[in-house]
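Below, each structure is written out as structure tokens.
In the two assemblies presented below, subunit A is common to both, partnered first by subunit B and then by subunit C.
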Partner chain A sequence: MTFSERMLKIDRRIIFLVIGLCTLLPLLYPVGLPIKISSEVRGVYEHIESLPERSVFFISFDFDPASKPELHPQAIALLRHAFRKNLRVVTMTLWVSGTGLADQIVTQVAKEMGKENGKDYVFLGWSPGNTAVIINLGQNLYKTFPSDYGGKPTNGLPVLDGVQSLRDVDYMVSLGAGNPGVEAWYVFGKDKYKFEMGGGCTGVMAPGLYPLLRSGQINGLIGGLRGAAEYESLIGQKGKAVAGMDAQSATHVAIIVLVMICNLFYFSMRRATGRQSQVGS
Partner chain B sequence: MDATVLGAWVATGLTLFIFSFLYKDNPLFKLAEHLYVGVSVGYTIVKAYDTVIVHLIVKPIFEQGEFALLIPVAIGLLMLTRYVPKAAWLSRYAFAFIVGVGSGLAIPRTISSFILKQVEDTVRPVLSLAGGDGVTFSMNLLNPASSINVIIILIGVISVLFYFFFSIEHSGPGKIVARTGVMFLMIAFGAAFGYTVMARMSLLIGRLTDLIEFSDASYGNPTLWLAILTVGVLLVLSRRSSPGEQEK
Partner chain C sequence: MIFLRRQLPLLITMVTGLLFAGQYYVPHPSSEQLLTSATKWLQIVGGFALVLGVTSLFHQHAAKIRRKEEGWGYSLVLYAGMLGTIAVGLWANGKESVEGAMTAFGWVYSYMMVPLQGTMFAILAFFIASAAYRSFRARSREAAVLLIAAVIVMMGRVPLGEYLIPLSGDVSQWILNVLNASVRRAILIGVSLGAVALSFKIIFGVERSYLGGGKE
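What follows is the complex of A and B.
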């Protein structure tokens, strides 16, 4: 067995170990690599920045704990920015399995920023129907969510003053890990009820959403942990996403090197096999 | 032990148990996997029951007298007739209602958002409707507003569409266009794969960040103790399975 063959049949657990170490070491000993802000993340930031005080900012946390590492930092950064701008924050989720997590995120950031439930923000919770919920919200918010997550009637809440439906929302961001998510909010929400919209998503989903971004159907996109790190840098409150960027870069370098080495061994093995067959014939 | 510390121990343990699969399949991984499925399903059922049955059906009907809700409830109940073979045909009405409403809502909106808007965005920078002259070619590479990306996107869209057009043979100039389409597809798959790697690594970073946080003494060092436990169990299991494997 040649060296190339032995390397191509290497125990995959060694590769897991290499990737694990490349992730762990930068987390333990961060270097602080620079983070360049992309125009798509800046799109969301600048729109929120341009909103006047007490504007209505609607966030839908369309993810569950399985996507927490990517979307939790995005949600925290967005909420911190919105609360700092004194916006009225209306939140909900289309994912039943993400209800508890969404409530925890909103409550945690609101407490940290000294905001009052019902006056500065509200968490509407979850309602069944997926995309039908979006359509219902476009018609009447109070019929879709007669009460908030805590059971308080939504009608009469100061945070919803002047808000009848999605048409009264100044800016909306869906943080989506799948369907229903950003696409559903665009198709059944923005396209029909005409409000300005941005998106946040997992890395897996980001390439599929770029066509919406390019055509101006959404005005910004926060993609994966990288997007969250950019947003944290923009608001000047570095958190878990920025801390993870060194590890992300290190693992990417490791994967690129592994792919290159694998290809080198593969082609050298193929060349050796070709030579052997020529000698044999 | 407060809830945060208990949560840290549970999260750390389950993370390490799941990671143990990277060494090999084992009972600790299976325990964590089954717990994940069970807890997810249990949580979803409880939340759905509380929100739908209690807050959206029972309370509005009995406390606010909204009897119109009985109509969707009846349609929903028809679904359950699937379990009674003689009455199963009734469920078709419920399915018909759902498929009809769903398609009616989705088809026009999807065509508008994903086909018409995208076609418009692909063509608009190149052609424009100027005054009474009809469609005019407005692309000008000397104009900074006209980006070369527009041409690349247009070539990409047309070549990929042609690649999936199987009514004529892909030979001669058609072969070049189809090959160009394949190249665009490969670039798209590469970009998607790159983002997927980034996403998976982000998940790993998330778990490792929590493991580092929970290695703190304020939580009782769950990462350390549970890592020792996991490694110990894996060692015991591999020793137990070794004689059998040797016999094989």
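What follows is the complex of A and C.
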């Protein structure tokens, strides 16, 4: 077995170790490289920035703990921005396994920003039916969620004053990790009930949502940890996403280097095999 | 019996399919009321589907444990996990916290489900790196193009990449905005046209596989 062949069949535990170190070391010793803000993340930020005080901002946390590392920082940054702008924040989830996480996020940020449940924000919780819930919210919010997650009747809550359905929402963002998520909110929500909408998603999903972004169907997109880090930079409150960007930088570069090495050995092995066959003939 | 098994479901599908396809274009209050009622029903059916799914899962794994099939231990773990979670969930009235204090259900969620799901997802990074090393090779021209595009996008999506190759950010953005968006849109249009065609086939009874293949 040649050196190239041996290198191509390297023990995968060595690769695991390299990735592990590339993740751990930057977290322990952060470098803090500057983050360039993309136009798609700026789209969401600027729309929220342009909303007048007490406008209705609707967020749907359509993810579960598996996507927490990417979508949790996005949710925190968006809520901080909305509360700082004094918007009325209405939240919910279409993912039953994300209910607890969504509740924790909203409660934590609201407490940090000194906001009052029912007056400044409400967490509606989860309701079965997936996309049917979106249509129902577009028809009548109070029939879809007669009470909030804590059991308080939604009818009469000051935060929902003047809100009958999705038509009364000034801006909506779905933080989605799959289906139902951003696309479902566009197809069943925005398209029919005509509210302005932005999106947030995991890194792997972002390329799939670019057609919606380019056609203006959503006015902004926060993609993965990078998007969250950009948003944290925009609101000037650096958090977990900015901290994680160094680790992501290192792992991306490590994977690129590994792929390059693998190709180098692959071509050297192919050349050696070609030479051998020429000698043989 | 044929009427109940075949003709009635086909008739219901046709009537409701045409009705709700038309409903989208009629903004009259009664049409909107019809949509509200139908989606409320969908939510109720969704709730029942959840119960049905859990029951089916229980049945499947109970059979596996009874027959001591290969991997029956995992079914036992699933049973213990589900029953335990349901028990603490009922005990805590489905609430993760009450007046700021974490319930047992909240503890199970925060300290078991969240880290377990997070770990499963995090492990992917290691396997993707290993798989990329083993299989991401420029074996053909097409593979080489894919490889170069992937390297540029990976570089352009992280600050270190942009720091090392300043142009990578803009090139990556162009790949995503132009090449990726146009291809994705073409796929989306194709899929949507396919969905419309399939919907027509179902509405008009040409496609009947959803009725099942039982004896008539």
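Keep this in mind: the second predicted complex is superposed on the first by the 281 of 281 C-alpha atoms of A that agree within 3 Å, B and C clash if a C-alpha of one lies under 4 Å from a C-alpha of the other, contacts with A are read in each partner's own complex, and residues count from 1 in each chain.
Definition applied: a contact is a pair of C-beta atoms (placed from the backbone, for glycine too) under 8 Å apart; a residue touches a chain by one contact, two chains touch by 3 or more.
Being a predicted model, the structure only gives us computed values, none of them experimental.
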Next on the checklist: Tell me the contact category for A:Leu24 with respect to subunit B and subunit C: first, second, both or neither.
Outcome noted: first
Next on the checklist: Applying the document's definition of touch, where does A:Trp126 land relative to subunit B and subunit C: first, second, both, or neither?
Outcome noted: first
Next on the checklist: In the overlaid three-chain picture, which partner chain does A:Arg226 touch, first (subunit B) or second (subunit C), both, or neither?
Outcome noted: both
Checklist entry - Which chain, subunit B or subunit C, is in touch with more residues of subunit A? => result C
Next on the checklist: On the A-aligned overlay, A:Ile10 touches which partner chain: subunit B = first, subunit C = second, or both, or neither?
Outcome noted: second
Next on the checklist: On the A-aligned overlay, A:Gln217 touches which partner chain: subunit B = first, subunit C = second, or both, or neither?
Outcome noted: first
Next on the checklist: Taking the superposition on A as described, I'd like to know which of subunit B and subunit C A:Ala243 touches: first, second, both or neither.
Outcome noted: first
Item to check | First (subunit B), second (subunit C), both or neither touched by A:Cys262 | outcome: second
Checklist entry - Once the shared chain is lined up, is A:Gln139 touching subunit B (first), subunit C (second), both, or neither of them? => result second
Checklist entry - So, does A:Pro207 touch the first partner subunit B, the second partner subunit C, both, or neither? => result both
Item to check | On subunit A, the residue positions that both subunit B and subunit C contact, one per complex | outcome: 16, 19-20, 23, 68-69, 96-97, 99-100, 127-128, 132, 135, 192, 203, 206-208, 211, 214-215, 224, 226, 248, 251-252, 255
Checklist entry - Once bound in the complex, which stretches of subunit A touch subunit B? => result 13, 16, 19-20, 23-24, 27-28, 68-70, 72, 96-97, 99-100, 125-128, 131-132, 135, 146-147, 183, 186-188, 191-192, 202-204, 206-208, 211, 214-217, 223-226, 240, 243-244, 247-248, 251-252, 255
Next on the checklist: Taking the touch rule as given, give the residues of subunit B at its contact with subunit A in the complex, in rising order.
Outcome noted: 22-23, 40, 43-44, 47-48, 51-52, 55-56, 60, 105-106, 109-110, 112-114, 117-118, 120-121, 188, 191-192, 195-199, 201-209, 212
Checklist outcome for this item: subunit C residues touching subunit A in their complex are 24, 32, 35-36, 39-40, 42-43, 45-47, 49-50, 96-97, 100, 106, 109-110, 113-118, 120-122, 125-126, 128-130, 132-134, 136-138, 147, 151, 154-155, 157-164, 169, 173, 176-177, 180-181, 184-185, 188
Checklist outcome for this item: subunit A contacts subunit C in the complex at 8, 10, 12, 15-16, 18-20, 23, 33-36, 38, 64-69, 96-97, 99-101, 103-104, 107, 127-130, 132-133, 135-136, 139-140, 143-144, 192, 203, 206-208, 210-211, 213-215, 224, 226, 245-246, 248-256, 258-263, 266-267
